[in-house]
Amino acid sequence: MGVGIRIRLALRRPGFALDLDLTLPARGITALFGPSGSGKTSCLRAIAGLDRVAGAHIAIGDEIWQDDRRGLFVPTHRRAVGYMLQEPGLFPHLSVRGNLDYGFRRAGRPTTVDQAGIVAMLGIGALLDRRPDALSGGERQRVAIARALLSRPRLLLLDEPLAALDAARKAEILPYLARLHETLAIPALYVSHALDEVARLADHMVLLGGPHGVHDGPLPQMLARLDLANEFADDSGVLIEGTIASHDDIDHLSRLDFDGGAIFVARRPEPVGQRLRYRIHARDVSLTLAPPEATSILNIMPAVVVAAAATDTPAHLLVRLQAGGTPLLARISQRSWKALQLAPGSQVWAQIKSAALLG
Amino acid sequence: AHAGGSITVAAAADLQFAMNDIVTAFRQAHPADRVDVIYGSSGQFYTQIRQRAPFDLYFSADIAYPQALVKAGLAASVPRRYAIGRIVLWSATLDASKLRLQDLADPRFDRIAIANPEHAPYGKRAQQALQASGVWGKVRDRLVYGENIAQTAQFVQTGNARIGIIALSLAMNPAFAARGGYALIPADLHDPLEQGYVITRRAANNPLALAFARFIESPQAKAILQRYGFSGTQPTPAHEAASR
Amino acid sequence: MTLAAADFAALWLTLKLACTVTGLLFVLGTPLAWWLARSRSRWTRPVAALVALPLVLPPTVLGFYLLLAFGPHGPVGAATQALGLGLLSFTFSGLVVASILYSMPFVIQPLRHAFEAIGNRPLEVAATLGAGPWDRFFSVALPLARRGFLSAGVLGFAHTVGEFGVVLMIGGNIPQRTRVVSVQIFDHVEALKYGQAHALAGGLLVFSFLVLLAVYTSQPRLRNF
Amino acid sequence: MTLAAADFAALWLTLKLACTVTGLLFVLGTPLAWWLARSRSRWTRPVAALVALPLVLPPTVLGFYLLLAFGPHGPVGAATQALGLGLLSFTFSGLVVASILYSMPFVIQPLRHAFEAIGNRPLEVAATLGAGPWDRFFSVALPLARRGFLSAGVLGFAHTVGEFGVVLMIGGNIPQRTRVVSVQIFDHVEALKYGQAHALAGGLLVFSFLVLLAVYTSQPRLRNF
Amino acid sequence: MGVGIRIRLALRRPGFALDLDLTLPARGITALFGPSGSGKTSCLRAIAGLDRVAGAHIAIGDEIWQDDRRGLFVPTHRRAVGYMLQEPGLFPHLSVRGNLDYGFRRAGRPTTVDQAGIVAMLGIGALLDRRPDALSGGERQRVAIARALLSRPRLLLLDEPLAALDAARKAEILPYLARLHETLAIPALYVSHALDEVARLADHMVLLGGPHGVHDGPLPQMLARLDLANEFADDSGVLIEGTIASHDDIDHLSRLDFDGGAIFVARRPEPVGQRLRYRIHARDVSLTLAPPEATSILNIMPAVVVAAAATDTPAHLLVRLQAGGTPLLARISQRSWKALQLAPGSQVWAQIKSAALLG
């Protein structure tokens, strides 16, 4: 793959301006994150070639999709994108099956795509003969996801694909999407309002509509940045990467070793040695000065206070810690900061409620 | 004549030019009166008069229609002949004055226009003439039919039909006479085309209608009709004077 | 009064003409309507107005001008003669051409509005799924404009069946070749053969009613959407 | 060749007729089209077929039957006479009635499809916002069917202007009363006054073109939706 | 008001059946919660009168909207509902202003409705002259919410009103919706997939589509039920109600006293004495045997273990506690349960991370 995805565009509308100059990794999922009206959909539309933004430059790998200086503009249907629009946009004249088949047939019925698997995973097997107007809102959204996946795109564009879905359904689809880029190596741009989803899926993040313009970077770094933490409000936290060290089948736990400690998480299906990613919310991390005893909290590790920053509420501080080689964020009360007499350099124990660990 | 009287005259399309002159002449004697002339298909007028169309005089290309109106009790006079129509062979693209009906057998006349013999009086006479000349069988497949004689003339005039059989009154019109030429078809090759008129029941008490009918019989009107190619304008003994 | 052989010939010819014309109208009208509906060119409006224009002329007059155009001195006639096709007047092909011209607006308008009603969304979605312009047109636009096609077909077909003035002028009323049923009924009326006119008109009406009913019944009901 | 007073009278009469007929067609056609589009009655299809039926008859023949119906022995004529209205034939009112009948399908079809294309959603939303059936119709259905009305108006108006056979038969070509411009042009052609025919036909075409262009230009462009 | 909202309906579709027999409180917000395709939208449509479900009985207060036994069916426009549909359904031929005005005018321009306030709160003031097709997805949703609110309904029906909105926007709108029933006394039925939203807003809850049929009840009881906890997965927890006892303006904290203890939360604007509701996620509650010391966790209270139940992952248990008169739920690992030798009756200390408290 190599070069990655290049997007450079300047969008001007009355009362709205967006300047992007991004180089995104050629693999993995990039989250587009930003408030309503910040230009996420507009950006996907430009990438898909639905709107021709003057002066834009869009390239995926060595394929140039738009380069206005050279008068080059590849029309949408020649761009191998799988685009799930914000409104599902199912064809009303086709059954669910017809909708799914539409892109699948045009992609030459790719055998690399596990059609039955996708249909089953999205729970739409019983709906295949229905018309879109006889579906519920969430059902429509699932069909649209399946349709985009089945067209074997080179780039997936997903505009809030899970917005109308319940937590249980989301929990089913998320791991599948997460596996997508591992098995099919399809990069994706993923628009979502839910930081949890983003954290779960994305490798890279583009933050739109913040007060200081566009930011992007690998997800773990982005999430750990104190200066951006307010954008994420209550959802700030860090990502840690570790390796499965052991399984405990009596307590149904797995131990994950990472640079600076170990945590226990609910039993994982993956084999020992597999690398995994976990998100630790700042709000789930509490600090003590002495190692706690007789507590239900499993994950406790020594750490050093690095810095602290104000949050969206004056009651709270966001504390940056270093646990071995791994940074952590903890959201604690002002009062506790003072009561524990914390300061940069303080030695503390960080307790993480394991149940809060995603996964 | 009464000041401020008014009549509407329904006249067969072949009368277009002659009738305009007749009305102009009539108006000189009746300057305060109003005469509207409507040209159209004789058959259609017949149908309309049966449905109480507001026509006071009806000049048909075929005297059979006025006769039928009398039978239906819709006329205020007996039908009277005002002219005998004649048919001619005419072409807009070549001089037809030397041609005879027999020449139509020549395949270079790939399309020959006549009026529809089923209901147009001129068409029926054309068919009779062709049959009498012995060429009907030879030209039949090359005939195109106009709905009325004016339309037939347009087929020929636009060159879409090389030649056609139309009314003499049309062929004598300057617009047509300037191009090509025509040959009169001998009257004995077909039934006489007796053109007749009646006063309709609606005009029974309209003195202007009566005056117009009387004017039609006048030598002045006859002369005009003659000029436009209508012959035989003397009243036939078979039909008595209409005036009451 | 039963129908004569000539009546059946006229009916058959009419059916042939109406089917040919409707088919050709779809073929010619669909791209034009598509262009009118979707192009952002500033020519769309004049062209749209132009298409509707033949409507305002009385048919016989339109027929007269066509006769001029088709004649040996007219532009069309000159062209067809140069191509060795002879003249279009008094031929079935001529009828077809004239009827197309005359019935075009009845096909263009419903198609155009049906295409406009689709909106961009379904076409955009189709493009993202890899469908090119032609493919999008056939797989999305056509099916979604189905009702427009029905409407266009019904109006175009019926109008061709009923057309009379133009046909009379351009066709020359030749039995078996250009004497369609509308002319035939008219001739019956003119010849005061009312019985035959009633029978033929009645037959035409019943037949057309059944065809229209069948067409409408084949349409699915309106959906909730 | 300039236009004579009689030509202007015919133009004026035509304008009056076409406006009256188009107005009445909207008034009568809108509820009918609405019913056809939205009712679940099993009568919608036969009625839809019936409305399109006058189209298949040649205009003169339709005119002939109308003449019979309007005449003193016809059902309509009997009724109008009983009501003390006299006969409809050969009057302006008769022309209006006949033109409505003949142009109805061109108004019904576009309106019907425009109403169908709205779908239920906007009407449902309007109901939840407190709009009753009439209110919904005027505040939501009408504006959303705007393009259908445009189409219907253009076709209905133009067709009424160009209609000839029916008008000639029912109207009787009476100057100032029923001699509309289509008949007038036809008369000029028949009288071989080609110059006048061309002038009148040309004037009509230019006028109609400008009207159509204005109508189309007033329409907003297709939106992205 | 009095009698409340009565809904009895039986919906049958191929492969789908829903039987409801509910009496909902006449005041406050009732959440309709359930997975995709469980019939939430269908239920709202029946209440609004958009679908006439045979045999249904629907009444609000003393107004009967449908009673098929008596052949009574009030058409939608005579039911004073404000319905925000799942798809925004803005009128494409009207500007945003025209859309907002539509219901407002028909309700007789109610002076009780704070038009400017609603527009400002939803951040759509700059969009008033736009057409709906020039709005982003979230903007459309906000306009639809405003339109429903402005029509001064007797009953609000909101179908996933916040699905397309970012967390910050949600956080702005939520308190407004919460205040609605206090200031305007408009009851609402609120469909949402997000339990957090529901917990924040609703007083009552109807749970659709679970394996054991329809459940409903006051929200606190519903959330505290161990038998339903699996429906809420990771989101289970309890609601506690308390009174503001004091404010601390140095640490920006407020103390909330409730039956069985006190918790500190970020400074609240309300005066001392005001009653408030807080949600405590089971996943945020950890247990220790001894009172912890030198910890950043502010909220620690003694409690007794009442019962424990399995959760969706075998690694975790859901423990029901009693803290004074207030029930609590804690989600802890199996291993901790065993390590701490917990059993019904055990005396424990419950620690609650205050940052996790909603508010």
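The first chain written gets the first letter, and so on, giving A, B, C, D and E; residue counts start at 1 in each chain.
Criterion: contacts are C-beta pairs under 8 Å (C-beta built on N, C-alpha and C of every residue); 3 or more make two chains touch, one makes a residue touch a chain.
Note that the structure is a prediction, hence the values are computed from the model and not measured.
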item	value
Contact distance in steps, from chain A to chain D	2
Starting at chain C, fewest touch steps before arriving at chain E	2
Co-neighbours of chain B and chain A - touch as defined	C
Type of chain C:chain D copy interface by residue overlap (half), same or different	same
Centroid spacing, where centroids are CA-atom means, of chain B and chain E in whole angstrom	92
Centroid distance [mean C-alpha coordinates] between chain D and chain C, Å	19
Centre-of-Cα separation between chain D and chain B, whole angstrom	36
Euclidean distance of C-alpha centroids - chain A vs chain C, Å	57
Multi-partner residues of chain A (at least 2 other chains)	87
Residues of chain D whose C-beta touches two or more other chains	60, 64, 121, 189, 223-225
Multi-partner residues of chain B (each touching 2 or more other chains)	44, 47, 154
Those chain pairs that satisfy the touch definition	A-C, A-E, B-C, B-D, C-D, D-E
Residues on chain D engaged by chain C in the complex (per definition of touch)	37-38, 40, 45-46, 48-50, 52-62, 64-65, 105-106, 109-110, 112-114, 116-117, 119-121, 147-148, 151, 154-155, 158-159, 161-165, 182-183, 185-186, 189, 197, 201, 204-205, 208-209, 212-213, 216-217, 221-225
Chain D - residues contacting chain B, complex	60, 64, 67-68, 70-72, 87, 89-90, 168-169, 172-175, 187, 189-192, 194
Touching residues on chain B, where the partner in the complex is chain C	41, 43-44, 46-47, 93, 111, 113, 116, 118-120, 143-147, 151, 154-155, 158-161
Complex contact set, residues of chain B against chain D	8, 13, 16-17, 36, 38-40, 44, 47-48, 50-55, 150, 154, 173, 175-176
Contact set on chain E toward chain D in their complex	48-50, 75-78, 80-83, 85, 87, 89, 91-93, 102-103, 106-107, 131, 133, 147-148, 151, 157
